[in-house]
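Structures for review follow.
Presented sequentially are two complexes of subunit A, the first with subunit B as partner and the second with subunit C.
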Partner chain A sequence: MSDNKVKNEKKKRKIEEGLAIFVFLLPGLLLFVSILIAPIAVSVYRSMYDWNGFSEGTFIGFDNYIELFTNGSIKFMNSLKNSLILAFFSVFIQLPLALGLALILGRRESRKERAFLSIFFMPVLISTVVIGQLWLKIYNPDYGILNRFLDAVHLSSWKHVWVGDIKTALGSIIVPTVWQYVGYHMLLMYAGVKGVDIDLREAAMLDGATKWQVDRYVVIPIIKPILRVSVIFAVTGSLKTYDLVRILTEGGPFQSTEVPSTLLENMLFLRNRYGMGSTISVMLILLCFAFALLITAAFREKDV
Partner chain B sequence: MESYTLKEENPVIKIIIDVFLVIWAIINLFPIYFMFTFSLKSNEEIFGENIIGLPKEWLWSNYTTALHTGNMGLYFFNSILVTTLAIAISIMAAMMACYAITRIKWRFSRLTNAFFMLGLTIPIQASIVPVYVVMSRAHWLNKYSTLIIPYSAFALSMAILICTGFMSEIPYALDEAARIDGCGLFRTFFTIILPLMKPAVSTVGIYSYLQCWNEFMFANVFISDSAHRTLPVGIKALSGQHTTDWGPIGAALVIATFPTLIVYLFLSRKIQASFIAGAVKG
Partner chain C sequence: MKRRIASIVMAGIMTLSLFGCGSATPAATTDTGSATTETKTETTTTETKTETTETAAAATDEPITLNMWCIATESDSNRHAYEAAIAEMAEKYPNITLNWEAFENQSYKTKIKAAVSANEMPDIFFTWSCAFLGDFVDAGKVYCLDDVYPEFASELPENMLGNTTYDGKHYGVPTTMNIVGLFANMDLLGEVGYTEVPGTYEEFIACCDALKEKGIIPFGCAGKETWCVTEYLESVIEKSVGADALNDIFLGRDTWNNAEVGAAVDTFQELVNNGYFDPSGIGLTNDEVKNNFIAGKYAFYMNGTWNCADFASNEEFLPKVKVAEFPVINSDKAKLGQLIGGPSDTLAVAASSPNAEVAAKYAMELGKLICHYGYLDGCGLPAWTPYGDTSAVNPLTQTVAEICANADTFVLFGDTAMSADDANTYLSYVDQVYGCQVNGDQFIEGLAKEIR
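Let's turn to the complex of A and B:
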């Protein structure tokens, strides 16, 4: 009798739990599946179609992918190259700078260090659109600070129509991008540096290590997982870059500064090639995952 | 022979480091200063001799121009509305999902969590084409919800990641005590767990706020009428109209940026902590 009651009670509880799980997960799953997962599935499917977004479209297998890599007029390889150049500067200029700042600021904790940290992080809070507009003013060929500064120091021959000159356009995008996120990576690394046990530092110093040696042989190995995250963010962020290109150059001049995301938008609005747009989407996902795995593997290799 | 005493840092190196820190600080503060000062200048000043100095005549009318003819007031309101609702929806959905994942024992809870974590690595570009096609067919472009729903979906994974951390620190004894007192799962969630999640709300909220407030790609693609523009799209439109009139553009940039910076002055530690929580994952 009481045994039965316990069983009933248990069953009731199971049902309540099942119902609760369903209800609690429903809003999240609905959002997540309808805006992210299902569209990706559709993107993969549509990437194999010649499709203008409104008709049924025709199935063409991997033709879009082949065209993406072989048809030079689409500029995909060029856009990929631009993203990778940006990634290169992010990893080899931005991250070392961020690491250096994090190590210096992480050595002591005083008001001065806190103030520097807070200032260095500020650009991260500003919208890239605002950053882009500001740099447009800096680059302006007639009234911009840059050219006027060059005039003032008698280097007028170095003056350029920065964002409009094929030689300097990509560089004009790279500089603000690299600059803006130094603070972000610095903050992540700083958190890691602060997490290093103070006893470890002191032990190494007692053994005669200089501050630089402590950083190099004690701190950096410990914060390696954070460095890995930073490298992944820097590379995938470069692949996904969009805002500054749209604001500064619109992909020009002569499409020389297109990146995959601006090409993707062009496919929708200028060329009505929704199938090809989907193909670029899918390539972006694949590239982001591939680079994340590659970077993780590279960091593991170094541990051995 | 190396002695076992602490080495003093070379004073020259120390000075070099300090100088470098100060220069980098100036490089980081200059754009903010530059934007503020040229927002108060006339074209004559900007294009003349006084490009980086303080404004000789403080031209507040640039702000009136930005607010009225540039519609920045409306865009500001739109940004607040879209951001607030997107954050509210994503936090609520994330809390609920977290509760199901961390507080109830069932077979697929870990798998469900891993599924949500996929969202951390997926670029938003991945879904833009199908979402755009579906929304344009459903005549769902150019509404507030056109941005609110995608933004809350994109903020969800990070919100779940951060909430899971906070929620797993709440002792399970609380749930069990509630249970013994006859409190059902739903009541436990709303009356016991939710009130304890306040610190998570601010951490997630700050992180998502900056993502949504500054988001440009979706807003640029999905919103073409001026009534529903958010600040980043509005600024782009304004700078398209006023290519030769820098003052009002500067004012618009200040309107979009300074609220965040002022809050940051008071809450810098909290804001930094939320960025750290958002990045330091496994």
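Let's turn to the complex of A and C:
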């Protein structure tokens, strides 16, 4: 009889604990559902409709998804290719640069290093619109500093309408993108580098390791989780890139620099195709998740 | 004299809305003579009607706040017209407070569509006529102006409402109307021996060749804003295949698969391939190209006649610039007087506005005033019957008025006439034509296939 009572009380306590956990989690859960899950669900729902945003939509199933890959005028595959090129440059140019800077600045701490840290981080603090306008002026075919410089060094044949030439437009976006976010990744990695125990560095040095060998065999393996986060940020950031493309080329010339986000905006607000716009947003979400999982898996394999 | 010109202009533009939207207004061509008579009659009744509208608007004595969105930003040539009109309205109706906000043209298109979608529109909003407003009307988001229009009918001719009339109902208050003009820097033309803008296509090409030889770039065109390319391309197509053929295509009555249109596109590409266009233009915005034209970099600049205000306000540049009509390319199909343009700038009232009736009357009167001040400033031709002293209108706008007075047919800008999706497919192809990525045949075949 008393055993039953104890059991019941335990059960009751467990239920109360569960209830307490649920109540404490509820606000967070509600926020998560309303801010993240619900919009995604609405996007998935809308992607199944042919809807202009104002009138009644027509249910068309997966037709938008099929059209996205089969209609040449939408140029989704081209936009995806551009994002992946941007991701490639982010991962293989931007991140190594950021890592190099973080390693150099992280070796010792002095006023000079801190000043450099601030200088490299400065572009991250400046609004992307300002950076876009700044680079637009640099690229200006008439008075831009780039063409003027080429004139000055007698390389006039290298002059281009940088953002208007199909051969150089994407490159004109990649350069400021890489430049702007080097500081951001550098700061992430710098935090990791500074977290490496000084004893480990000194032990390696005592064993005769050079500074480079200390970085290569001690620091980099330790900050691997941060590198993984940086790669995820760089790749998903490239997939979601919008602002610099919008300011520098507006997807042109001839839609050659469109990225999924500019295409999405084009579909939603210029073409009034909210269904197709939602389809692109769903594809973007899926791609970002897929790449994040792939990168995590790739880093995990190397850990083994 | 000026008033007479204005009346003649009004007569000329009577044909504008003959290319109305949807099933509202049948497309036809009227002769300007009968329209002139109609205009004169309406002009005489202006004063009486003004009194009526005052009474109607003043009937609402209680304080009301209205919100308005428009694109008359600080740098917009219509800014002064809006400010003057709003100030006059504030004085006339102290019980009505108007909160207005201006947004940059391109971002406004996004903003207003998002607002319509979310049913969060301001009471009064700026819109483009035809297909742009048509989508909002179809969704039932726009207040019908049929109840208030009769009070203003004598000042706003019915046939100026064709582009804002859907299923026989009026939904918009047109302000100014504009056409595509061929602006010429006469100083540069003078350097190659021309004292007038060439009148025939052959002379025009000879002039471009002479300019090129002299090291002067004939045309400036902003490739970064595709609508600027359409100003050239549509004029070339219209003067090659005729206004009716182009209008039928724009309004979906005929297919894009028209070999003559393809040939006209090839003609345009010849101009590009001959090096008449500034190669830098492809990476420039319209503001940059316009500034280059004012600075004397190009001999010609084809763009909307709303630019007259900016050119006229530049005392140094005004004596150098002339505006003319693009010459006829194929006289068997086209003729002078066939123009690209029409009344597109419009004010509309949200159906969701709690003060929709007052807003409708207010929008009507405000539209009239914006039209009045806009005309005086040279921002375009009046959609409403002009009143008061118009002698201060700049000479460029007066020339445009004369061109319109002699006009035969107006074809509304392609990207305004077509639905949003079709317009963007069209602009995408225009972009490719300018960059010589597709030729005339590929242009017509692609559009025939892809326009929904």
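The criterion applied here is as follows: the second predicted complex is superposed on the first by the 267 of 304 C-alpha atoms of A that agree within 3 Å, B and C clash if a C-alpha of one lies under 4 Å from a C-alpha of the other, contacts with A are read in each partner's own complex, and residues count from 1 in each chain.
Everything that follows uses one rule, which is that a contact is a pair of C-beta atoms (placed from the backbone, for glycine too) under 8 Å apart; a residue touches a chain by one contact, two chains touch by 3 or more.
Keep in mind that what you see is a predicted model, and the values were worked out from it rather than measured.
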{"item": "Subunit C versus subunit B on the shared subunit A, clash or fit after superposition", "value": "clash"}
{"item": "Touching partner for A:P141 - first (subunit B), second (subunit C), both, neither", "value": "second"}
{"item": "Which superposed partner A:G57 touches (first subunit B, second subunit C, both, neither)", "value": "neither"}
{"item": "Contacts of A:L264 with subunit B and subunit C, given as first, second, both or neither", "value": "first"}
{"item": "Touched partner set for A:G252, first subunit B, second subunit C, both or neither", "value": "second"}
{"item": "Subunit B versus subunit C as contact partner of A:G171, first or second or both or neither", "value": "neither"}
{"item": "Touching partner for A:V163 - first (subunit B), second (subunit C), both, neither", "value": "second"}
{"item": "Which superposed partner A:Y274 touches (first subunit B, second subunit C, both, neither)", "value": "both"}
{"item": "Partner with the higher number of touched subunit A residues, subunit C or subunit B", "value": "B"}
{"item": "Contacts of A:S73 with subunit B and subunit C, given as first, second, both or neither", "value": "second"}
{"item": "Superposed model, subunit C segment overlapping subunit B, candidates 111-119, 219-227, 327-335 or 381-389", "value": "111-119"}
{"item": "Touching both subunit C and subunit B, counted on subunit A across the two superposed complexes", "value": "53, 142, 265, 268-269, 274"}
{"item": "Complex interface listing, subunit A residues touching subunit B", "value": "16-18, 20-21, 23-29, 31-32, 34-40, 42-43, 46, 53, 101, 104, 116-131, 133-134, 136-138, 142-143, 145, 148, 179, 183-184, 187-188, 191-192, 205-208, 210-211, 226, 229, 233, 236, 239-240, 242-243, 246-247, 260-261, 264-265, 268-269, 274, 277-278, 280-282, 284-285, 288-289, 292"}
{"item": "Contact footprint of subunit C on subunit A as seen in their complex", "value": "52-55, 71, 73, 139-142, 161-166, 249-250, 252-255, 265-266, 268-274"}
{"item": "In the complex, subunit B residues that touch subunit A", "value": "2-4, 6-7, 9, 17, 21, 24-25, 27-29, 31-32, 34-35, 38, 46-47, 51-52, 89-90, 92-94, 96-97, 99-101, 104, 106, 112, 115-116, 118-119, 121-134, 136, 149-150, 152-154, 156-157, 160, 184-186, 189, 210, 213-214, 216-217, 220-221, 231-232, 235-236, 239, 246, 249, 253, 256-257, 260-261, 264, 268, 271-272, 275-276, 279-281"}
{"item": "Complex interface listing, subunit C residues touching subunit A", "value": "109-110, 113-114, 116-117, 135-136, 138-139, 141, 223-224, 226, 279-284, 288, 292, 419-421, 424-425, 428, 431-432, 435, 437, 446, 450"}
